[in-house]
Each structure stands twice: as C-alpha cells, then as structure tokens.
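Which chain is which? They are A, B, C, D and E, in the order written, and residues in each are numbered from 1.
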Amino acid sequence: MEKVKSIPMTLYSYNQEEFKEEEVTLSELEKEGGILHQVGQKNYWLNLDEEDPVLLNRICELFQVHSLVKEDILLKGQRPKIEEYPHHLFIVAKMVYFKEDELMMEQISFILGENYLLTFGETEGDVFDRVRQKLSKEGTEVRSRGIDFLLYQLLDALVEGYYRTLEIMGEKIDVMEDNIMLQADKEEMRDIRSLKKDLLYLHKYAWPLREISSYLSKDDPLFINKETSMYFYDIHSQLMEVIDTIETYRELLSGLMDLSLSSVSYRLNEVMKVLTIISTIFIPLSFIAGVYGMNFKYMPELQSPYGYPLAWASMGAVALGMLYYFKKKKWF
Amino acid sequence: MEKVKSIPMTLYSYNQEEFKEEEVTLSELEKEGGILHQVGQKNYWLNLDEEDPVLLNRICELFQVHSLVKEDILLKGQRPKIEEYPHHLFIVAKMVYFKEDELMMEQISFILGENYLLTFGETEGDVFDRVRQKLSKEGTEVRSRGIDFLLYQLLDALVEGYYRTLEIMGEKIDVMEDNIMLQADKEEMRDIRSLKKDLLYLHKYAWPLREISSYLSKDDPLFINKETSMYFYDIHSQLMEVIDTIETYRELLSGLMDLSLSSVSYRLNEVMKVLTIISTIFIPLSFIAGVYGMNFKYMPELQSPYGYPLAWASMGAVALGMLYYFKKKKWF
Amino acid sequence: MEKVKSIPMTLYSYNQEEFKEEEVTLSELEKEGGILHQVGQKNYWLNLDEEDPVLLNRICELFQVHSLVKEDILLKGQRPKIEEYPHHLFIVAKMVYFKEDELMMEQISFILGENYLLTFGETEGDVFDRVRQKLSKEGTEVRSRGIDFLLYQLLDALVEGYYRTLEIMGEKIDVMEDNIMLQADKEEMRDIRSLKKDLLYLHKYAWPLREISSYLSKDDPLFINKETSMYFYDIHSQLMEVIDTIETYRELLSGLMDLSLSSVSYRLNEVMKVLTIISTIFIPLSFIAGVYGMNFKYMPELQSPYGYPLAWASMGAVALGMLYYFKKKKWF
Amino acid sequence: MEKVKSIPMTLYSYNQEEFKEEEVTLSELEKEGGILHQVGQKNYWLNLDEEDPVLLNRICELFQVHSLVKEDILLKGQRPKIEEYPHHLFIVAKMVYFKEDELMMEQISFILGENYLLTFGETEGDVFDRVRQKLSKEGTEVRSRGIDFLLYQLLDALVEGYYRTLEIMGEKIDVMEDNIMLQADKEEMRDIRSLKKDLLYLHKYAWPLREISSYLSKDDPLFINKETSMYFYDIHSQLMEVIDTIETYRELLSGLMDLSLSSVSYRLNEVMKVLTIISTIFIPLSFIAGVYGMNFKYMPELQSPYGYPLAWASMGAVALGMLYYFKKKKWF
Amino acid sequence: MEKVKSIPMTLYSYNQEEFKEEEVTLSELEKEGGILHQVGQKNYWLNLDEEDPVLLNRICELFQVHSLVKEDILLKGQRPKIEEYPHHLFIVAKMVYFKEDELMMEQISFILGENYLLTFGETEGDVFDRVRQKLSKEGTEVRSRGIDFLLYQLLDALVEGYYRTLEIMGEKIDVMEDNIMLQADKEEMRDIRSLKKDLLYLHKYAWPLREISSYLSKDDPLFINKETSMYFYDIHSQLMEVIDTIETYRELLSGLMDLSLSSVSYRLNEVMKVLTIISTIFIPLSFIAGVYGMNFKYMPELQSPYGYPLAWASMGAVALGMLYYFKKKKWF
C-alpha cells in the first residue's frame, strides 16, 4: 500500500444543534465514512488545502467519485465548469484574492453529495473564513439549512473575493492615473501592463463562472433544493456586475496606456522645442561671431571702431527676431 | 431597540381627486402602514434620499420586503436589474445627471407593490421634479392611473436624464474638437479621457436598463397593467437610442484622441523642420568661417584682398543652395 | 383656439385614372377629412416639410393618431423604428442626401392608414422627386396599386439616397487616398475624420432601418398587402448592401488614417536624416577648423607650410568617411 | 422595335450522349425557345459575357424572369444573394480572379430553371474553363446528371477562384514580410494597404456567399435535387475555410503594418543615436577649441609650451568619457 | 494498373486479449480486407504517415469511402470538420506540436467504421505515441472498449498536443517579456510577430475542433457509443480551455507589442534629452567663446586683465543656469 503524505484535512460536521471542526486523518475518515452517508443526520464539509494524488485517490474511492473528476481535480489548468455525475455534482472554480499586494489565483474543486461537500484547494489560505464563522455560530441560516446552502455560502464568498480584488484594482488604477498625469515613465507602463494581465486572467476565470451560477439557478441540478436556487441567481447577478466591472477596468487601462504614450509624445515635443529654440537662436549668432573671427587681411569691419558694437547689435537683432518668431508660433 | 437616524422621508399619497405630500417619520409610517395595504383607495409613493440600515430594516419589515432585496438596496455597486418577488417587483437602476459640470451617478431602487411604490436614493437631489409637478396637478394622466404608471413616469424621467447628459456631452465633444483643431495639448487629452470614462460608466448603466424596460414591456410582470406596458416599450426604444448615441460618442472620442495624437506628430514634424532648416543652413556657413579663422601661417586666401568678399559669396551660395533644396522638398 | 402657422402642406390624391397635386390649408383638410376615410375610392398622400406642434396636433386629431406617435414626430433625436397602432402603422426613418457637398440628415415620419399616407419632414427638400414623377404619369405601377406600394416607393427612394451618398463618399475616399500618397497634412486628417463621422451617423441610421424593412417584409403588418411585402424584401437586401458598404468604407478610412500617420512618421524620419547627415559631417570638420583657430604660442602645425593643405586633406577624409558610412547604411 | 447590340451568347446543350457548344443570336434563341422548355430531353446553359439592357429584356421575357430579377442583374453593386421565384432560382455572386497581378471582381448572376441555366457576367473571361472541359468530355459526372449539378460545378469553380486568389495573396504577404524585415519604406506601406483593401472586398463578397451555399444545401430549394445538396454542403465548408483564411490574412496584414511602423520607429531611434553621439562628443570639444581661440590679452595657457598638448589631452579625455558613457548605455 | 509507391502503413489489430502491430503492404491489406469487416472480433487501426493518391484510391475502394472524402483527405488546406457518411464517420483535424523549436502543423484525417479506424497524416511523426503505449499494454481501458474509444484516445492526445504547444508558448512569452523590459529591439519585435502568427493559426485550427467535439458528445453520431460520448465532452471542455488560453496569449502578445513600441518611444525620449542637454549647455558657451575669438580692433574686454577669468565666469554661470533649468524640469 502506498504511503499517504500527512496532509491537513479539516472535517466540519454540523446540523442546527451541533457544530464540530476537527483535523482528521485518512484512516479516521475511512472509519467515519459510513456515517457520511447517513442521510438527514448531519452535514459534513471536508476541506483539503493541499493535494496529494494518493490521498485524493483514496478519498475518491470512499465517496465513489468518477475517475474523470479525479483527473480534473489534479489538473491545474482547468476552465471553471460544472458537471453532473450520478453520485455527485462537480464544480471547478478559481478563487482570487490579494496577498501582500500580489494577486493569488487558486483552483478549487467542489464535490457536492447528498449531505456532504468536499473542497480541494491548492495551497493553504482561502476566502472562506467568513463562512466558517457563520457555521460556528448557532442560529445562522447556514446551520439550519442543507448542505446546498453551504455550497451557496462558499460560492458567494468566492465571488466576493472577485469583488474585493476589483476594488483594490480600482484604487490602483486611480493611483496610476494620478501618477501618469504627473510623470509617465517606463515603470508606470509596466504596472499598467501587469494590471492588465491580472484583469485578463480575472476575466478568463469569472466568465465561465457565470455558466456555473446560471446552471445552479436554472437547470434544477442534483442535490440543489428549489429554495436555494434563488440564492444562486443572486450570485449570478453579482457575477454579471463583476464581469462588467472587469470590462470597464480593461477599457480604463487601455485609456491609461494611450494617455501614458501620448504623454511621452508631448514631452518629446517639449524637449525638441527647447533644443530647437536654443539651437536656432545661437547657431546664427555663433555664425556671426565666426565670421568676425576670420583672419582675412582685408576686412574693413574689423578696423572700424563701431565694428564690435555693431556686431553685438546685429546678434541682438537676430536673437530678438527668432524669439519673436517662436512667440508668434506659440512655442513658449 | 436601535435608534433610528432622523432621515427625511417624503410620502406622496394621491388618487384622481386628492394629492398630499408630507414629510413623515418612521413611527407615523408604522401607524399608517395598515392604510398602505388598503387596495384601490389611494396610491402611495414613499421616497427616501439617504439611507440608513436601521431605518431600511424597519421599512422592509413593514412592507414584507425579502432579505436579499434589503441587501441589494444597501450594496452600492449594483448592476441595474429587475427581480420579481412574491409581494413586490424590485428594480435597481442608476440615475445620472450633471451637477455643476460634474457627472453624478446615483443608485436608485424601486419597490413596486399593489398600490405603493418605494424609492431609495443615495443623496438628496434627483431627476424626478417633473414627475412631482405632474402629480400635484389635477387632471394629469398620472393622477388618474395606477401606481404602475407612476413607475413609468419615474423611469421615463430617469431615461430622460441620460438623454440630457448625452446632450451636454455632445456639446462638450464639439467644443473639444474645435480646441484640438487649434491647439492640442495635454489638457485636451485629459478632458477626452475623462469624458471617455464617463461614457464608459454611462454605457455600463444604460445597457442593463434595456433588460429592465424589455422585461416591463414584454414579460407581463406583477403589478404592471397591460395598458401601461406599451409605455414601457416607449422607454425601451428611447434606451436603444441612448445606447446608440453612447456608442457613437465613444467612437467620436476615439477619433478625437487619434486626431489629437496626430496633431502632436504633425507639430513635432514642424518643430523638427525648423531646427533642421536653420541648422543645415548655418552649420556649413559656420564651417567656412571656422576654416578662415585658422591660424596657419601659410594660407594664401587670407592675404588676398578678394578673400573676404569671396568667403561671403561662397557662404551665400551655400545658403541659397540649401534654401532651394528645402523649397524643392516643399519643407516650407 | 391657437393660431396655426401657415405651413406648406401638399396633398396628392390619385387612383389609376386621376392624379391631383394641391397645396392645402388645415381648414380645407378638415373639410376634406371625411373623404380621406372613404375606402377604395382614392389614395391620399399628405406631405409636410416643416413642423409646427399646433398644426401637427390638429392633423393628428383628424387622423386619430396616438399621442405617443405625436411626441415621437416632434422629438428629433429618434432612432428609426416601426410601430403598429390600432389605426395606423408608424415609421420613423432618417433621410440622407448631399446638398452642396454637405451631408444632410433629416428625420422623416410616415403614418400609413388604409388609404392615406402622411409624411412629416424637417425642412423643405427631400429625395422623393422620382416618386412624384412616377405618380404624375399615367400607367405606372404606383398608380395602379394601393397606398402601401407608395410607401414602398418612398422607402425605396430613401434607401437609394443612402446608396447615392455612399457613392459620393466612395469617390471622396479615392481622392483622399491619392492626396495622402502625395502629401499628407493636417487638412487631410480633418477630412478623414469628418467623413468618418458622417459614416458613423449613416451607420447609426441605416442599421435600425433594416429592422423596419424586415418587419415590413416578414411580419405581415397592418395595411401592407402580401404582394407588396416581396418589394420590401428587396429594400431589405439593398439595405444589407448599404450596411456592408458603410462597414467597408469605415475600414478603408481607418486604413487611410494609418497611412496618413505613417506618412508623417516616414517624413519625420527623412527630415531627421537630412539633419543628421549635415550635422555629423560638418561638426567634426568645424572641430578641426576650431583646433587650428586656437591661439597657443607653440603649435608646430601652424608654422609648417603643409599645415593648411593637410588640414583640408584631413577634413576631406573625415567628410568622405562619413558619406561612405551613410551610404553603407543606405541613408540616401 | 429597339435594336439589339450583337453581344456574344454561347449556348451549351448537352445530355449524357451529346454535347454542343454554339454561338447563338437572339433570334435563333427565340426560335429555339420552345425547345428549352421540353423537360427531360436536354440541359441548356446559356452564357452572356457582356450585358445590354435591351437584350437582357428580351431574354427575360423568353424565360419569364421576374422584373425585380432583371433590375438586380443590371445593377452592379449587388450583395451576393439567393432568391426563389415561381419559375426559377436566382443567384447573384461575385467572381474573383487575378489577371496580370490585378484582382478582378466581376458580378455574375445565375438563373436556374428546370432544365436550363442562364449566366450573366460583366466582361469576357471567367473561371469556368475547367467546367467547360468537363462538359465537353463524355462520361463525366456533370454530363450524366441534371442542370443543378452544372450549377454546383460552376459555383465550385467560383469558390476555387477565391482559393486561388488567397493563395496568391498568401505568397504576396510572405514576400512583403521579407521586404519589411530588410527595409520598410512607403512603397511597402502602400502595398499592404492595397492588399488589405482587396481582402476587405473579398470578405464582403465571400461572406454572403455562405448564406447562398447554406440555403442550397439545407432549405431544399426549387430545381435542386436532394442528392446534389450534399455537394453544395461541400462548397459551404470550403467557403468557411475561405472566410477563415481571409480573416487570418487580414490579421497578418495588420501585424505587418505594425511591424512596418515599428521598423520606422526603430530606425528613427538609430538615426537619432548617431546624431546624438556625434554631436555630444564634438560639441564639448569644439567648445574647448573655441575657448583657446579667444583673443584675450592675458590668457596664461596660451603662452605655456604645454598648453597645446594639454588641450589635446583634455579633448581626448572628454571624448573618451563620452564614448564610455554611451558604451555603458549600450547605444552602440 | 498504376504502380503504388511503397509507403509505410501500420496496422494495429487488437482486442482485450491480443495486440499486434505490423507493417503491411497494400496487397496484404487487400487480402485481409475481408477480415476487417468481421464485426465484434477485433478492432483495427490502420495508420498512414504519408500520402499517395494511388494508394489512397485503393484503400478507399477497399473501405467503400465516399469520393468527396477522398478529395478532402488529399486537399491539404482543410478546415477541421466532421461529416457523417453512410458507411463511416469522417473527421479532419490539425495536429500541432513543437519540433526543434518550430511549430509543426499537420493535417490528419480519421475514418471511423464499425470496427476499424483509418488515420491519414502528412509526414512521419505524430502525437499518438502515448496511445500506442496504452494499446500495447494489457488491461488498459482502450483495449477493453470499442474502436470509438480509440478515436477518443487519439483526439485526446491531439488536444493535449495543443495544450503542450501553448505551455511552450507561455514560457516563450514570459522570456520575451523579460527581454523587452531589458532591451527591446527589432529582433524582439520579429519574435512577437512570429508567435502571434502561430497563435493565429492555432486559433484557426482549434476553433472548428470545438464543433467536432460538440458533435461527438451531443449529436449521437454513427459508431459512437453512448458511454463514450461523455469522454468526448471532456475533450470539449479541454478545447474550451485551449481556446481561452489562445485568446489570453494573443492579448498578452498585443500588450507586449505595445510595451515594446512604448519602450522605443521612451528610449527615443532619453536619447533626445541627452542631446538636448549637451547641446543647449554648450551652444551658448561656444557662442561666448566665439565672440571673444572675433578680431575686431577695438574690443575693450580683450585688453582687460580680468577679461579671460570673467569670460570663464560668465560661461560657468550660463552652464549652471541651464543645469538648474533641466533639474527643475526633472530631465535627469
């Protein structure tokens, strides 16, 4: 028998009266396995934060999970989707959240049975703490309803993760805009691009989520009560807003990109104007000075006592003429 | 019991004969509450301009409003939507208007019951004054019809707000175009961008409104009479025009952006031409002057009496040659 | 009673045998009003080129026109649309034509009854002269058929107006392209933009027209005979071609824009090359001349009789080296 | 009676055993006219390469062609379409082929009757020679099948014309890409634009063709046998490939455009670097030379025997410093 | 009889118990031909890596393949498609894989009969080695199921080829991004363009594949068992992910393009600033030096013992003023 890595698994068992949260091992789970299928007694939520193929294998056997599902859980580049199997409902989604100013995107799989819910994440840390709090409090709606309502609560928290992420991004965009107005440089460009990339992935993950929420609210899926479907519809309309906002932000960023590029053009223009003004004023002056620096034997101007002041006068006239020209052209 | 902030609530009660507008407090409302449900007697419109969770809670209890609706009213980042509940029709929309040259966007929620309409805004000030005037006049259509016609009037005023906003924006675009033709600078760019952003949000809010008007005119919703649905269809076709115009303006602004950027390029070109003409004329001349400023002992030209005039002549020839070249290249 | 402005109204009454065109006043019309409803006798086309709310009001009463229609006729920013009312079919469209090189866009409303057609334009001048000619000739198809065929003829002329407009625009685009190839300047840019704007509006007006023609040819509307609907289908496929052509022209103009901008870039490149060649050749030469213009007491080269020719030789070598470098880089 | 221009008409009459190709005149055709309608005897294909309204009129009378069809044949700016009339099926399409490196686009109309096919082109020359060859050979499929199979063969040849055109364009794009890599100039830009324009029109003509092939393969049209419809489906999937390829080429050309423009930018950058390096090295040197060219009476350096070598040394140091700076900045 | 090129054909015959892989010649195949049609005995997979029209002809006769299919196999520019024929299911797809850093795209045709599968590639080498391994191992799912499951395995391997290709491309994009951040040059631009082109083709081939997988999983096609269709659905959702990723990568590359172009702009700006700073500092200094290099007889400054130091002082003042100006403008 293959050795199973000791991976933390948390089992939440609850009903209206009781609530228990415990770290369980595979063998404990296998013993309790039978209990999980006793309908109507209790609801069970089993959460895994890391994955191990061997452990997964054993859990899947325990819950009669289809082999295609097993492969999908392990394959990380999944598109969010929902699939109905004889013994369970299978959902893959992407959880997003900011962790130390970096966007985390983690795949999470849900397997919903009659009275149990299995969730498989990629790493420790998720967006479900709010739900755990509710679960642990007596009298909350989630305690008095079935396991499908827990699924709703988790998906709701997941979608809220998108909301929060977009809020932070919105603030970043505002800051960027102010920065670009002051001084657009390459750094700014890189930040825009990085945010654009994040939004691209956010869109990629939020878009198919819509299909999931639509399916859950309309197509009367397995293990989902009629009363709960209205709640899934609420998630659906929140997702619509999320997707609209993503689109809006993407257009805002495109606008920022244009603004940043146009700033560079304007500044280049400014730089060139300074160069042009200085050059075109002094080049003719230097030429005049150069002329009277020539060593020809017969240059009548050089001998005249008025030569030097007249040279200055003509240089002054040229300079003023140039300045007048630039003024007229509104160059400064 | 939680203390309720004293927030201005206005209750309009009317039928064909009577019309009353009064500031009410929560307790008055709770007393009158029973009256609100007496069908066929009078129509009631209750308007709140600010929001307070506690107050909202109490009103919702009074009118048997679903808890999901309550959450939606308080959450400000809502996508416009319409939802049918057992006791009422729920609509969220965004009201837009210009206030001191700034675009205001305010969320407004409608709850339509059999003979009452509740509206929840965000701040004081709305686009409904036209409707209030009609309500207060005897003999107007709105007085003689049911509460659904008041909803139509309010939505109509709301859509007209979009029209007016777009009119103002249209004028701004015209002004911008003239400015850019004269002188495109960074300021212009920022204005374009800001207007583009406003249009982006306008589109985001007007687009789902279409679904609302379509639903109201076609899907035979609760509390909406058949005769009124034709009026909602009229709103629908107005919204189509609004959305078309938004699209048109967005394309116009993109065009302005291009025009502005291309102006900068043209101007850079002009600046560079001036620099190039001046430089390429004087640089060779200065070189000639430099040559005859050298101090070699044996420079035959320096001794010749024709040296100086010949130097001038050659410099003149170079300058004219250059000018001819630029003329031929059509640089000025 | 409100005073009615004397606005020219033309009444065309015709059947297979007779045809009469007359200027009518409101009071004459009100007298004749009864006649208009005598089915099967004659067809009546009443055309108004200007609008006056009071006059419109009276006409609408006469023909039992719905109040929403009345508002739509007066509101100028309408989206083209078709609506069926109990007593008539209502169509709003935009008429486009070139008048002295300027694109005119005029709203025109059609009200089709059993044996009458009312048309309301904005200003004098329309694209219907061809139809009037046909009407006045005996034996034409339009004379022998019902009023719905007149509507077809008018819509056909309206769509032909789009065709003609696009033809003129096509020629303009060809001229522009030739101009840009020769010399792209700011003027050209403005012309492109102006044409682009016109196409934008053309698209905005032609697109919903498609829905009208589709409705007329398919949905079996009021007062339209089955045999005529095939003709409306012909209009429909013409409109498809119009819309395709608009799209094509828009893309052509985008291409022209790019071409124009790239021309500017190429030219800037050319300008910079000239500057760079002249500068980089003469700057080192001037430096050499400057060196031997220094007044150090001990400069052996200055005393040598070969100094001056050698200075020239070294300057020539530098110049030739530079030219060779530019030649190799294919700068000219 | 109007005089009819003598326009070449070719009549192909064939069945499994016989095949005859002959030039016919209108009067011969009118005599033979009766024969054309003898079902089951022979198939007739009448081809006209030019058009003359009078001739067309007479032919249309002969074959009972609807007047709307007659107009459509004469109007050259038609959108490809298919229409079913009581006596015939009417198809308009655009034939494309390269003739001496220029893209030819010619409108061609098909009228399919029970045992005859009329084709009207614009000028001499078409893409049907392959079909004519097959027709003239005994034992080919086209000889043994009905007139609808001939229509298939002609449309197939027409679509193959699109394929060939795209092949040639594909090669042109490859050549362009290589050219741009070496040297992007204005000529290249014009070629890209011209090809882009051709693709635009190709798309405009190929896209509605899809509707034709779809109609022929699915909607069970008049005079088309069930067995032939599978062949039309084959044309349909070929058209899908044609349209995909057009899209691909358009994107490739957009990419080339960007590449070409970016090349110009890179080259401008190169040009500016050369100017900047030369200028910034020699300008300070010239300044030093200028300083010691001043004629102040008291300049100690000028008197020192080390002055001149030290001046050179300092100039060398400045030049090397600059070169080191540019090296460090990776400017060359 | 035409001579048949000796092209390697591999015949895999297997059932749950046996597996045989052998090189076969056409004549052997013709002998065995009868066996192939014995239903239920064994499954046969015949693979050809090259194509020869004559050989293909003979094989098609042997398996009663429709003539349109034969043409499609030989024509290389096919759009991926699925077609049902009386005796077989026909699929064309494109196989993609990286071979020595170059993207290979090869057309592959599948013909599925009741117990045989024919595959026709273009060149040696494919992405099916994984499937061959599974086939050769006893006890694998592919051995115990019908020939439709082999088709699934092959299509699965084909889609995995797209996955792997995209993975490699993803890494390339990351490398490119890093490179562009450091130093964007023309080479980078070419690489972006080349990858963009590859993605364009990948999209062109993956998009219609979706229709194939959708058809196989939904439309209950010939020779596909109900149980296998779920597996084809799995391919379908993988393809959705592939297409999403292609889109994402295309947008990422567009972003890189912009970044690269903007880098060039920034750098041009930097270059121009260096030129401008050096020029505008030294041009006035050189002018001063030029003035005192003039040879006027009466220039009081030249005689003064403080002239030279004062000249330096004034030059220093100008230089510092300029530097202060640039500092204030934040040019360095």
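One rule holds in what follows: a contact is a pair of C-beta atoms (placed from the backbone, for glycine too) under 8 Å apart; a residue touches a chain by one contact, two chains touch by 3 or more.
This one's a predicted model, so the numbers in the text were calculated from it and none came from an experiment.
**Q** What chains touch subunit B and also subunit E?
**A** Where subunit B and subunit E share a partner, that partner set is A.
**Q** Can you give the whole-Å distance between the Cα centres of subunit C and subunit E?
**A** 42
**Q** Would you mind pulling out the distance in Å between where the CA atoms of subunit A average out and where those of subunit E do?
**A** 26
**Q** Which residue numbers or ranges of subunit A touch two or more of the other chains?
**A** Those would be 265, 268, 272, 275, 279, 283, 286, 290, 293-295, 299.
**Q** Taking chains as nodes and touches as edges, what kind of graph is this: line, ring, star, complete or other?
**A** It is a ring, because the chains touch in a row that closes back on itself.
**Q** How would you write out the ring of chains in order, opening with subunit D and then subunit E?
**A** Read cyclically, starting with subunit D and passing subunit E second, the order is D, E, A, B, C.
**Q** Of all residues in subunit B, which touch subunit A in the complex?
**A** Touching subunit A from subunit B are residues 68, 77-79, 81, 183, 185-186, 189-190, 193, 196-197, 200-201, 204, 208, 257, 260-261, 264-265, 267-268, 271-272, 274-275, 278-279, 282-283, 285-286, 289-290, 292-295, 299, 301-305, 307-308, 311.
**Q** Residues of subunit B touching subunit C in their complex?
**A** 163, 181, 230-231, 234, 237, 240-241, 244-245, 248, 251-252, 255, 258-259, 262-263, 265-266, 268-269, 272-273, 275-276, 279-280, 283-284, 286-287, 290-291, 293-299, 330-331
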